[in-house]
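Some structures to go through are shown next.
Shared between the two complexes below is subunit A, which pairs with subunit B and subunit C, respectively.
The block that comes next holds the complex of A and B.
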């Protein structure tokens, strides 16, 4: 008794431990942290969020090329603590300036540590995070020459609360800096860039930023909509016209081979071809015009957006000096003064990060942005898989239990099914690739999509083939569960049904299946849980690193089961093992895992709810 | 008034573009490389199958490309350099990123199908770094290639006298002297595996105790969490938890750090290649032509820097573009 109890306790502890680890790490990822600024004894600055803390015994050799004052401080400190020292892993960001995302700051080299009030955290579309001190908000009016600047200064009337300044770029101590000059200092400019309406000082700049960021981002969204939907539609129309031409061309070839050139059929086809070609030329011309128009709109939006910028002072890192940099507002996804935000604002940032994660496309080779395509791919694939596997598995199990006569053949089949459950999943992947993609897919392509060749349509990995492969993989689960459920229906009920004059199928349909239904659905739950979490076979039959086009969209025929798709499980593998900035990717792995577990739980609970409902409905006739 | 303002804005657009360019960077893109200009008539699907080292780079380029040509579709797979040639041969991909050169057998296979050789495009430079845990003092002193060979290889073709299995044998003292070395490497489908075998192992064989990892980043993570670990991976995957070991070509030479500034002297610097199927005498289709032009533009090479690799010079870019029939200034 105590042995089995102990085993249960160990199981529960392990499962709960894993779940709570995933939950804790995954849920904490998006919580905004304060920004710390360190200055070392020899004057090197580091600023960023602290991500990890470590206590260790530094070896004496570790600091043989450090500055002497650092070594001195280190020796006093280590003597006090008995050779144990602390260090913090600081996310310093600013990769473009420093070529580093993270830095270990040793406790013994810190001279000063503070949390600057206006330290900003910027999440950008490109180049990852930026940490810097807020200096000013600018609306730029580019001016290449002094005369231009002069006219601009005379003509411009700055917005409420903003002042006119000159934006100048110059080298100070070997680093290029952006500085603001008063309008009277036009003569002193070294690399005049623009005249700007400026909100100078962090407080006003932050106010102006909050005021303008929304509209800039709205324009950016508009631009993205143009890029995705409008262009997609034009492109689709053009591709359709091209395929129409190609189809007739292929027909013409066939006719020429079968009936010879100059036959009446050949002439008709020739005429159609001409018509299609003219049509294609027309569509192409129209499409080019549309593309140019869309391009123009995008350029206009870009240009308007590029006027709004923030001036920040990067803290510098190590040997790299502090410098002032401009950041475009439309490049900023989210910005906040990390050391000033209240608890409520933090919660807002936290939730908005989750929102982005759940609804947005991935950015920067999947290391940032959201996972929406992966969520969509996982759910669609699992649903298609269940639709395939449940009817097939149930029918097969019914035959085995109700129709087939027990004998060596049936038990042979049963053994085979049970063994199928033990086959490694990658084998199913190989089978799916070899049979579904290369044999079935290629034949479908030849029959129906000849015009697309040599580009394969179904002859490669895709959503449909992935669902088929996983359906095969989970088939044994459904068959075994259904068989158990069907055999649990007491024979007396069947006999009663026959006694009332019901046929075999009527008995199965009205008596056996309703009673077995909860068991069947249990099989389905197990199948979903197994299928949604499977990754290895998917890598072969259609899950890819990046496929922002969803398998369902607004373009005819709306459902595109042939497309490659993204999958959460594969996404975890990719982010965990392939991403360049692996330190920043680690928490994302936990978050994605949490999400995957959540989705499987939701799918399962839906099925359980369905089971209970159905159980109640059919339960009425039972005793 | 408004009109003239817009005109001025238009004329100033190029300057605005400059505002956002980096003001200070350790690694700089060659200023002579051209800016990318969008053209008309580009459509189709970018299908790239190949190297895992280049996986992120290809994805980033594709993302940039999609910004310019939103109508283009993108599919990127990166499971190892060895998967590139078969996909190119089968026509299942139009780009084959590889972190090593194609082997003769692979080229023959390609030639058998098409009658000509595939063209390698040198897109960027990687320094294959030997990583150790951040606390390992060997990162200060460095190793010679013979020592690296003796650490990783059981055949020791580099000529080191005896097998190296503990840190003491490469000169570490104190607590390190008796700690055994724990080895991390890539799986055999990887181009990094092949390159390291050829250059650092002098074509010898790996020890059986090398823990083979599925990705470049997992090698780094393995070394980061293993105090005694040593592994090899692209410089772009460096994190704060690991340190790179300076390498010397021969024993007694001065060890050269794995830093962008010393790329010319570093013994394990290599080009990252993208193979394309180009019929001699025929121009590339617009899709492939434009992506390759984008790769060798300012923006494309900025992406290389962003991913932690080194950009190519104007001369290399010019030669690479000429190889596929594109004029760099055209």
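The block that comes next holds the complex of A and C.
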């Protein structure tokens, strides 16, 4: 008894431990941390968020290439603690300046540690995080020459609270820096960029940033909409015209082979082809015009947006000196003065990060941004899988239980079905790729999408084939559960039904199935639990790192089951193991895992709720 | 469906009494020295065929169901031996006999429920109002619609009370609300259940008490106006109060419906049947008017059984 009880306790503890680890790590990912600035004994600065703390025993050889002051401090410290030292993993960001995302700061090399009041955290569209001290907010008016600057200086009347400055780019200590000069210093400019309306000083700059960031982001959204939807629609129309031409070309070829050239059918087809070609030329011309128009709009937005910039002073890192850098406002997803935000603001940032995570597209090779396409792909695939597997499994189980005569054949089939559940899932993936994609998909392509070839439509991995593969994978679960539920329906009910003059099918349909329904739904729950978390076969049949389009969109025929899709399970694998910035991606792994568990839980609870409702309706059914 | 289980059960029921019951009976019969006729039980034990003793007083004018030389086998084991009997219209006929004597099997043969068991084989004839039940061209489903059946254990379907009652009509494709409502009320009144459930027709049938469930099954069985109502120990799973209600109901149904009822309960058979047939080890031993069988049986074996001396 103690043995079995102990085993149960160990199991429960392990499961709870796993869940709480995922929950804790996943939930903590988005909480904004303060920004720390370290200065080492030998004067090197590091600034960023502390992501990990570690206690370890440094090897003596670690001193070899350190500065003498550091070695001295290290020795005193280590003598006190008995050879144990602490270190912090600091997320320093600023990859473009330092070629580094993270740095280990040893406790024994720290000379000074503080939290600068105006240390900003910037989440950018590109190049990851930026950590820097806020200096100024600028509205630029590009000026390449002194004359231009002169005219601008004369013409501009700065907004309330803003002052005019010259923006100059120069090299100091080997690093490119952006410097603000008073208008009078026009002659000293080395690499004049622009005349700017400037909110100087962190408080006013932050105010100005909050004032302008919203509109800049709105324009950026507009630009994204233009790039994605408008361009997509024009592309779609053009592609349709091209396919029409290709289709007639294929027809013409066929006619030439069968009836010979110059036959009447050939002439008609030739005429159609001409018409289609003219149409294509027309559409192409229109599309070019559209593209140009869209390009123009995008350029205009870009130009307007590029005028709004923040001037930040990066703390520098190690040997790289501190420097002032301009960051475009439309590149900033979110910015906050990490050491100044109140508890309520932190909560706001936390929630807005969750919101972005759940509703936005991924960026930076999936390590940042949202996972909406993956959520969408997972849920759609699981639903299609359930729609496929439940009817098929239920019918198969009904045949096995109600129609087939018991015998070696039926037993054989039953054993085979049960063994199917034990086949490694990657085998199903290989089968799905080999059969669904390359045989069925290729045949469909030849029959219906010949004009698209050599680009495959169905002859490659996609949502539909992934759902088919997983349906096959989960079929045994549904069959076994349904068989059990069906055999648990008391025979007296069947006899009662037959005695009323019901046929076999009527009995199954009106008595057996309703009564077995809770059990069938139990099978469905198990299938969902198994299918939604499966990754290995999906890598072969259609899950991709980044899907440009969702499988459902506003373009006819709205549902595109042939498209590749993103999947949370695959996303976890990709972010965790395929990302260049794996340290930064690690929290995302936990968060995505938490989300996947959550989605499976929601799907399951919905089904359980459904089962309980049906269970109440039909009574009995204790599964 | 686990047909193997059913069969083994059936075979067990059939074989056990042969081994245990027969020798004792024989010795008692000889000891009493009453052998004005040959004891059929001893004849059966010796494996000989015995003619059924059908009382001459049993001369029904109208016969609903006619059983002619009916035999039935479960695989190799014979369960019913050469039974012939007539079931009179509008009366209650009780089948009594010890466990495993083939009463239920005979009853289930009437609506061909035994067809569901693969290894069952039959020989002989049954005729329902002139139509052969085991005829070649008979549609079993159509045939079953002409009979109603109530089982040992109440088996309401997992649906509402209303749907339970009108089930037979529903599968016939009747969907007119008016007809269904009328049939439902008539059947429930017929089964003396209407007043108890009229306000909750849409509730689940499984929420009713055991006795109510059984009466619901009776209502379901009479909904399609059956030519014969088959009852397989309808009260065996019920308490005395529910039993007496069902018995009253059988009384009320008499005349309107022809009822063939299997029962283990002698009092029940004597209380509510017009005719009684005593079966033993697959044979029909004696059949006559209930009053005759219970007060003046022709055979010693029948008397022993109804007075509770064996069985």
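Remarks
Criterion: the second predicted complex is superposed on the first by the 614 of 623 C-alpha atoms of A that agree within 3 Å, B and C clash if a C-alpha of one lies under 4 Å from a C-alpha of the other, contacts with A are read in each partner's own complex, and residues count from 1 in each chain.
In the analysis below, contacts are C-beta pairs under 8 Å (C-beta built on N, C-alpha and C of every residue); 3 or more make two chains touch, one makes a residue touch a chain.
Predicted model only: the values in this text are computed from it and were never measured.
With both structures placed on the common chain, the touch criterion links A:10 to neither subunit B nor subunit C.
Once the two complexes are laid over each other on the shared chain, residue contacts for A:281 go to neither subunit B nor subunit C. When the shared chain is aligned, subunit C comes close enough to touch A:502, but subunit B does not.
Residue contacts after overlaying the shared chain place A:409 against neither subunit B nor subunit C.
Contacts of A:142 after superposition: subunit B is touched, whereas subunit C is not reached. In the superposition on chain A, A:28 makes contact with neither subunit B nor subunit C. Once chain A of one complex is fitted onto chain A of the other, the partner contacts of A:488 are absent, as it touches neither subunit B nor subunit C.
Looking at the shared chain after the overlay, A:510 reaches subunit C, while subunit B stays out of its contact range.
With both complexes placed on chain A, subunit A has more residues touched by B than by the other of subunit B and subunit C. On the side of subunit B, the complex with subunit A involves touching residues 1, 5, 8-13, 15-20, 22-27, 38, 40-41, 43, 45, 52, 55-56, 59-60, 62-63, 67, 70-71, 73-79, 91-92, 134-135, 137, 140, 174-176, 213-218, 220-221, 236-237, 239-241, 260, 305-308. Listing the residues of subunit A that touch subunit B in their complex gives 56, 58-59, 61-62, 64-65, 89, 95-104, 126-127, 140-144, 148, 152, 155, 169, 175-178, 193-194, 226-228, 231-232, 234-235, 238-239, 288, 291-292, 295, 303, 306-307, 309, 320-321, 323, 325-328, 331, 363-366, 454-456, 460, 539, 544-549, 564, 573, 576-583, 585.
The residues of subunit C lying in touch with subunit A in their complex are 1-4, 6, 111, 113, 116, 118, 141-142, 144-145, 147-149, 151, 153, 155, 157-159, 167-168, 170-172, 204, 206-207, 217, 220-221, 224, 230. Residue ranges of subunit A in contact with subunit C, taken from their complex: 402, 405-406, 487, 490-503, 506, 510-511, 514-515, 617-620.
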